[in-house]
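Lettered A, B, C and D in written order, each chain numbered from 1.
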Amino acid sequence: MATSAPVRASRSLKIPTRLDRRYLPVVGTFVVLALMLIVGGTRYENFLTPAVVSNLFINNAHLIVLAVGMTFVILTGGIDLSVGSVLALSTVVTAALLQAGLPPAVVIPLAVGAGTVIGLAHGVMVHYFQVQPFVATLAGMFFARGLCFLIAPESIAINNASFGELASWVQIFGGWRMSSGVLIALVVVGLGFLVLHFTRFGRTVYAIGGGEQSALLMGLPVARTKVLAYVVSGTCAGLGGLLFAMYSRSGYSLTGVAMELDAIAAVVIGGTLLTGGTGFVLGSVLGVLVLGLIQTIITFEGTLSSWWTKIVIGVLLLIFVALQRILTLRRT
Amino acid sequence: SDAGGEPAGGGETTGGGADDGVITLGFSQVGAESGWRAANTKSIQDTLTEENGFELKFSDAQQKQENQIQAIRSYITQGVDVIAFSPVVETGWDPVLQEAKAAGIPVILTDRAVDSSDETLYESFIGSDFVKEGEMAGEWVAEQYDGEGYKAVELQGTTGAAPAIDRKEGFESAIEGTDVEIIDSQTGNFTRAEGKTVMEGFLNKHDDIDLVFAHNDDMGLGAIEAIEAAGMVPGEDIKIVTIDAVKDGMQALADGKINYIVECNPLLGPDLADIAKKVIAGEEVEKRIVVQDEAFDQAAAKEALPTREY
Amino acid sequence: MTNILRHYLFWPVAALVALLVANTIARPSFLAISIRDGHLFGAPIDILRTTAPLLLVALGMTLVIATRGIDLSVGAVVAVSGAVALSHIASSPNPESPVTVLTAIGLALALCLVLGVWNGFLVSVLGIQPIIATLILMTAGRGVAMLITGGMITTINSAPFKVLGSGFWLGLPVAAIIAFGVFAVVAFVVRRTALGMLLEATGINPAASRLSGVRSKTLTWTVYTASGLFAGLAGLLISADTMAADANNAGVFIELDAILAVVIGGTALSGGKFNLSGTLVGALVIATLERTVTVLGISPLVTPLFMALVVIAVTLLQSPRMRERLTAATRRPVATTPPEPQPAARPDSTEVKA
Amino acid sequence: MTQQTAAAVVEMTGISVEFPPVKALDGVDFRLRPGEIHALMGENGAGKSTLIKALTGIHSPTAGTIVVDGVERRFTGPADARAHGVSTVYQEVNLCENLTVAENIMLGAEPRLLGGLHWSAMRRQAASHLERMGLNIDPASSLGSHSLAVQQLVAICRATVGDCKVLILDEPTSSLDTDEVAHLFTVMRTLRDEGVAILFVSHFLDQIYEVSDRMTVLRNGGLVGEYVTADLPAAELVQHMIGRSMEVLEAAEEVLEHTERPADATPLLQVVGLGRKGSVQPFDLELYEGEVVGLAGLLGSGRTELARLLTGADRADVGETRVAGAPARLRTPRAAMSHGIAYTSEDRKGEGVVDGLTVRENIVLALQARRGWIRPLPRKQVDDLVASYIKQLGIRPANPEALLRNLSGGNQQKVLLARWLATAPQLLVLDEPTRGIDVGAKAEIQKLVADLAAEGMSVVFISAELEEVLRISHRIAVMRDRRKVAEIDGGGATMDQVVDLIAGGGAK
């Protein structure tokens, strides 16, 4: 019975010589993004300039933060439809409280915290009541939007001086510009990356996406992790709202309608599977840049009617996804 | 995707001047959410043509402020001569307008105002006065029906949108002191379909509606459908007052199904062209240019209909 | 008792009844149906009619969801359908002729079928994730609709077409007859043939289904095509309702309503077992909810809050956890499974190894 | 009959678990002592897994007490159980395929650096755990890239990480070959000698007798008794388990029926140079009517992959296929099915069960898929078919409307078998069909296979249990390193002969 080890020697896995398959979609997105930048650069004057690239980040800082939070939720196999509304809620809260004369040091935690609380509610509904994430967060979406209207049906300008200072802080290096919003977004991306890859919480997020049942039977803290993923997303949406308030210096209850779709699209374009378990924050950032680039191209084109704008966005999206798909397929 | 394809030539890339006589104007439209908006866009595109000495860069923000801000930023980096836009929201434009100012590019607002403490950030604002429109509608109602104890329902525009807020405010202030009473008010999101569903609900709920005030023609047209389906005669059993005066609305007015329409003129192109030229030439322009809005009753509509442009 | 409580239709039906009761309290004659102009008239009839397009869209959505997919493009397809049909009628010399109207309907449905085929192609052949695949058409489709109408709202006068939206047959709204009829036929086909089971198998375990010889790709393709077609039909009903094709606003957010209807009806978004009867109740709940907002006179400012609370209440009550609690309360304690292991609704190994 | 040696570390008394209307456990007592290997025995569906799950808090019993280490406890779940020193490897592999092997082993007890995961230490520690299990794989590779058997071993590695007092192994050996099993037993014995209490479930009687000290037998959710292994002869054990005598087992002994095949017979399926890059080297194989061909090989030798190429589950890069003499392209399972070829995957959970459907639906799935959706099988025919298979294979509960996910592992396996038998194939490729099936049913299945062959069906039989392959096959193809290395006649072959071939021509 007991024959032993030596026969098994030949079976060790061969060292991967090529890129790990898991990185393929992200690399795919990156390649397509680079291609698009180059094509744009040859097609439009002033396109491939530091100013345009800087603006890509400045204009999308809030979306980057949303996408980071969304990545957590999608990695667990869930989805968060509320982020657009929560972002609006946070901008409205920021604007309304600043208008009421509270100092930013008080307002900012409240605005972000509003997102955290809603995220917590989502997590509890999804995990403890087993409401499907899509529905729980859809309800959250209506709820946050409703709160926006209650707080401020009309748009509110932000005139607070110290908030304005914070918002308009810009660092310039040559043609490159970095706003406070971008800086915060990059910090969030860095944190997101660290948390996902270097904490047990992060790895459990992946484990749940790979199989919730398995994660549970492995004795991983599924409940806590799942709830926390929604809390992260809610908090990111709150922070995104703050960034948007800094970006637009106002609070408006109709902000961010359908922005959740942008965030989800960014995450998925960045190579994360909606079924959960595979994907990277950095991919999501690339996804945001892809969407931003599409907008930029549209503006540079400058001749598109409203309907061609929509069609071209769709077509560019298709090209991105299809190219990424082809790049991924051919390697497997 | 052809015209913009060639690398842009000549002097259009540097801001400030229009040495070659052609004015490059970057226009950021709100979106294409209604027929009114489409007419507005068309007017601008038809006026700011090469024959008229313009090169128009147009972009559609799809109702998103962030798209609009990014479009304006992009116009600044592209170095257009003039920037014009219809803001999605009133607030939040200071930073980007400051950037435009710093780059020496004049800005003109159309259709909707911005809420800014610094009036020097833009040259001029061309557009209707939404409060005034609501007032005109309300005044007509007060004049016609005061003393008859009319019960009115209101079909509001998109919750939170400036025209909806202002028109409601204007209408309410105008009927104050009369015995016209608004018994119900609900949003119809400026669309015909929702106008119809909401009106159906009102008809289920109230037996005694005398008047509908709709924030735009489309919702009014939807209400007409609902009223007819309930076996009543729009314009007779239930009076209808709306704002906009788009073609379908005017037709319904002429047909007697609507009783009064306050115009909201979308043809801002000529005014915009005019102001842009003046601004480039360094002439003084008025800060606020209120577009002439007419109002039509049924007789006036029959007369005006054949010659309406939109 | 317990069995009724456990039934997947219990809470959706309870929600529907609760809404009707709330309406009746606010407006005692709410449920009254009278006869006007030779047809039935009243709030319940209106609700049936306004449910019609949503029901069609939700029907297609249910099938798509059964295969673990989602179709975000239905709203855009609704817009395209209306745009095509009305543009054709508007440009024809004889808008009142039934031939014109039938051609318009045929054209619209054919194009929507093609759009459905396109979605199916992206999902089943290219293997793009459904949410993104259909997001493409969701964006571009509206553009196409606007391209067709030139960005204006196309309005027509055509009696035969108007029948689709506001006509009555045997005293009932034609729109409702069409939608409920299509629904019944599809439900019959799905449940009387093996289609339903094969769809469910595909949704639950694609890999196992493939090995069992189920044509998963073809089935997936078929459901997206069907979804496109039903959305197209819904688009016709919607545009006939107001006799206008509004490329920008027709069917906006109908995908969310449809998904909500499916979920309220007890079908899990993770695919597999689906309940068409649940979807029917779900669609009625949503249409009634919209009507309730008006009848209760809820201010537009709090409407979203109200909707959120209703949705939260319904979904919490019918959540597996809550059902367990309720059944546990009505019988002696039994082995309960903690919340975690249940999501077996989402089988763990999900990827098809192609 | 039990002697009190040491204080029990786990003591379960009067445990009942219900899944209305099924009473899965009814007042069962169970005791586990430190430093023993305790086998839990019973037929499929007897309640073994349920007892384990009741202990670790996945199911909460309706009655009974659980005392762990002298303290009465109701664990809230596996995490809680683990925290109290109870580690479990559940019946199906329950790991995350998307994570690396190292993470699967170490998560929960991961080494840390500055508050974050210490990846290199994690890989190092994982590697040492793997080594102990005799596994030589890259800890940084993703788990999904490994075969089920490897995954099973990884799951066991995970359970032995950290300080566990109680180690529970629910059918860990069902997909392992002798070699791996031997390794596992070495590890188990070491742990036992360190004082760990080990609960072990297996349907292999020889393994039970080899490794266990004591056993508890369950039948139909009830306790039959606790025995000292050495004192209980196998025949008696079987009797306790199935409530009948040993005869069933003996019946299977002489199943093999050697009919001479005519020299000029056309093979039912003939493949020449069939292969796929990165999976199996090109091989030739002929399968004849009425013949059972066994595939023997070590874990990972490519048996499964060969089977998948034969049946269109994977697409071959090179080679030709002939069905009944005519060239055929088997590019999909569906195409293979249309030629009467059926394949049951070894991966029950991933590629076999449709767990949200009922037993009935699972059984008719393949048959219905072949007919197409338009022509549903008449309900009467379905019911008869399902009823007959439930009876023939002894599927329990005998309720066609039960959801498959609520069946015990072994019963799920039987349902899968029924699915394929229902299609009445000409060639049936069975990849580990007896995995997790109890002794009685296993004998039934072997007999069934022999009968089917006698009726003219051609069968390819893969099993980790070499003995079973030898017993049942007319011919045996031996695989090594993803290559078919030999083909021998089943009748004359001896165990040693095959083991030599498998191991590389008598390396030792």
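The working rule: contacts are C-beta pairs under 8 Å (C-beta built on N, C-alpha and C of every residue); 3 or more make two chains touch, one makes a residue touch a chain.
Not measured: the values here are computed from a predicted model.
Of all chains, the one whose Cα centroid sits at the greatest distance from that of chain B is D.
Between the interfaces C-D and A-B, more contacting C-beta pairs are found at A-B.
If each chain is reduced to the centroid of its CA atoms, chain C and chain D end up 43 Å from each other. Each chain gets one centre point, the mean of its Cα atoms, and the points for chain A and chain B are 34 Å apart.
Centroids built from CA atoms put chain C at 34 Å from chain B.
Between chain B and chain D, the centres computed from C-alpha atoms are 71 Å apart. In chain C, the residues that touch at least two other chains are 146, 151, 300-301, 303, 340-341, 344, 348-349.
Chain contacts: chain A has residues 149, 153, 210-211, 213-214, 216, 222, 305-310, 312 touching two or more partner chains. Touching two or more other chains at once are residues 58, 77, 94, 97 of chain D.
Pairwise chain contacts in this structure: A-B, A-C, A-D, B-C, C-D.
Remark: chain C residues 72, 126-129, 131-133, 135-147, 151, 247, 256, 259-260, 263, 268-270, 300-309, 311-312, 315-316, 319-322, 339-344, 346, 348-351 touch chain A in the complex. On the side of chain A, the complex with chain C involves touching residues 77, 125, 127-132, 134-136, 138-143, 145-147, 149-150, 153, 210-214, 216, 222-223, 261, 264-265, 268-269, 273-275, 305-315, 317-318, 321-322, 325, 329. Remark: chain A residues 43-46, 49, 51-52, 55, 58-59, 62, 95, 148-149, 153-159, 167-168, 244, 247-255, 257, 292, 295-296, 298-310, 312 touch chain B in the complex.
Of all the residues in chain B, the ones that touch chain A in their complex are 1-5, 7-8, 13, 26, 29, 31-32, 38, 41, 57-60, 62-67, 69-71, 73-75, 77-79, 89-95, 115-117, 158-162, 165. Put simply, chain D touches chain C in their complex at residues 17-20, 24, 57-62, 76-77, 94, 97, 313, 332-334, 337, 343, 345, 347, 349-357, 361, 365-366, 368-377, 405, 419.
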